[in-house]
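Chains: A, B, C and D, in written order; residue numbering restarts at 1 for each.
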Amino acid sequence: MDAAAVKLSYFAWVRERIGLASEQITPPAEVRTVGELIAWLSGRGEEYAYAFERPQFIRAAIDRVHVKHETPIAGAREIAFFPPMTGG
Amino acid sequence: MDAAAVKLSYFAWVRERIGLASEQITPPAEVRTVGELIAWLSGRGEEYAYAFERPQFIRAAIDRVHVKHETPIAGAREIAFFPPMTGG
Amino acid sequence: MATIRIQAEDFDAAAAAAALTAGRNDVGAVVTFTGRCRSEDNTLAALELEHYPGMAEEEIARVAAEAERRWPLQGTIIIHRYGRIRPGENIVLVVTASSHREAAFEAASFLMDYLKTQAPFWKKEIRADGSEGGWVDAKEADDQAMEKWAK
Amino acid sequence: MATIRIQAEDFDAAAAAAALTAGRNDVGAVVTFTGRCRSEDNTLAALELEHYPGMAEEEIARVAAEAERRWPLQGTIIIHRYGRIRPGENIVLVVTASSHREAAFEAASFLMDYLKTQAPFWKKEIRADGSEGGWVDAKEADDQAMEKWAK
């Protein structure tokens, strides 16, 4: 399967730590799940390592739908990472 | 103990069946509880017998506080009889 | 502490709720419950609500005091109408304010369950054909709803 | 069917609730929940609410559809604000209308529990002394509140 470009979006302190609201990336083909993407992103630099240092506090959405870390990312156009939500 | 005059108030279909909103009565001394008062009132005429024909559906208040049929009536100034409530 | 009104005229739920929070910045949650007269598929022309003057206010005050004992409320408003009420009109209003949403929700629900079964009001139906539809029967479901709050 | 608005400006809870029942005489119960910004003993100057545009609307629509599946609702309104919100100002509004009070109460409570933990909003505190107070932590109590609705 060819690796595809995907838009990553970051919110709240994930956004602040990475220093970006969104970016376009093409993860390597061996990155198959949300959790694997988090691990791969953590190796991209200090700011990513800081943002994802406690993966258990990172929530994710694929194409605007909440997903678990085990969810495959194949076919995703947008993957968002953010802390537990505090709306309402 | 001397028998004392007490105001009886009737509401909803109890009021309609008896044909009175309130009246002053002096029950005999042997009538000691709300339930005994209901039984005694039932003997006062057809309209009372009709109003109190099913005592289990009669609620009572003494001096504007809900009471049970076992509650003594001694000292009451006002005793009210009414069906189960349907407000709200 | 609760505001309790028994009245024939309609009420303004929004104005009541606004009064509860005016000038306050410590209220985190406001719940309002508005009970309205339903047309019952257009068979109902109106409800005639009878009440026990004096006791209605006192009994509702007792129930409100119990709610304020159970939950950390910053304000409570209860308004109950009597007299003739037509479909689409308001019957009852409960407003609760608290710093926490669960308290506001639970207290409002508790108050309504108690009002249904403990407040001395009785509804008589006036049918659309002009006849009296009789007194509304108390619902066992309402008694059960109240019993769930028993300590 | 639900009306959902994500907006920076304040809302009028009363007007929203009135819109839900205008011209209807089959609505027996209307519950409104208004969530407000608290001053936290005057240490808080404001909350800055960040949200995920697009997903916020979609996620709330999913939760509202679930509420409409679970309870016989005649109308649902959810308004959630974003941006800077000061103590005493409104944050969120939920309105539910039903012919039955339990449905209106439970659906409104369910919607709030889900909004707290599932709607993509994040609160940052701006302290009264001008400093950033940091991001508000998610509360375990909110997760537990949501879990009680699991089927």
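Methods note: a residue touches a chain if its C-beta (ideal position, glycine included) is under 8 Å from a C-beta of that chain, and two chains touch if they have at least 3 such contacts.
This structure is a prediction, so every number in the text was calculated from the model and none was measured.
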Centroid comparison with chain B (C-alpha atoms), farthest chain: A
Centre-to-centre distance between chain D and chain A (centres being mean Cα positions), rounded to whole Å: 27
Cα-centroid distance, chain A relative to chain C, in whole angstrom: 49
Separation of chain C from chain D, taking each centre as the mean of its C-alpha atoms, in whole Å: 23
Junction residues of chain C - those touching two or more other chains: 35, 101, 112
In chain B, residues with contacts to at least two other chains: 88
Pairwise chain contacts, counting only pairs that touch as defined: A-D, B-C, C-D
Chain D to chain A touching residues, read off their complex: 35, 49-52, 54-55, 58-59, 80, 91-92, 112, 115-124, 135-138, 142
For the chain A and chain D complex, residues of the former touching the latter: 9, 11-13, 15, 61, 64-66, 80, 82-88
Residue ranges of chain D touching chain C (in the complex, touch as defined): 12-15, 17, 21, 23-39, 87-88, 99, 101-102, 104-105, 108-109, 112, 145
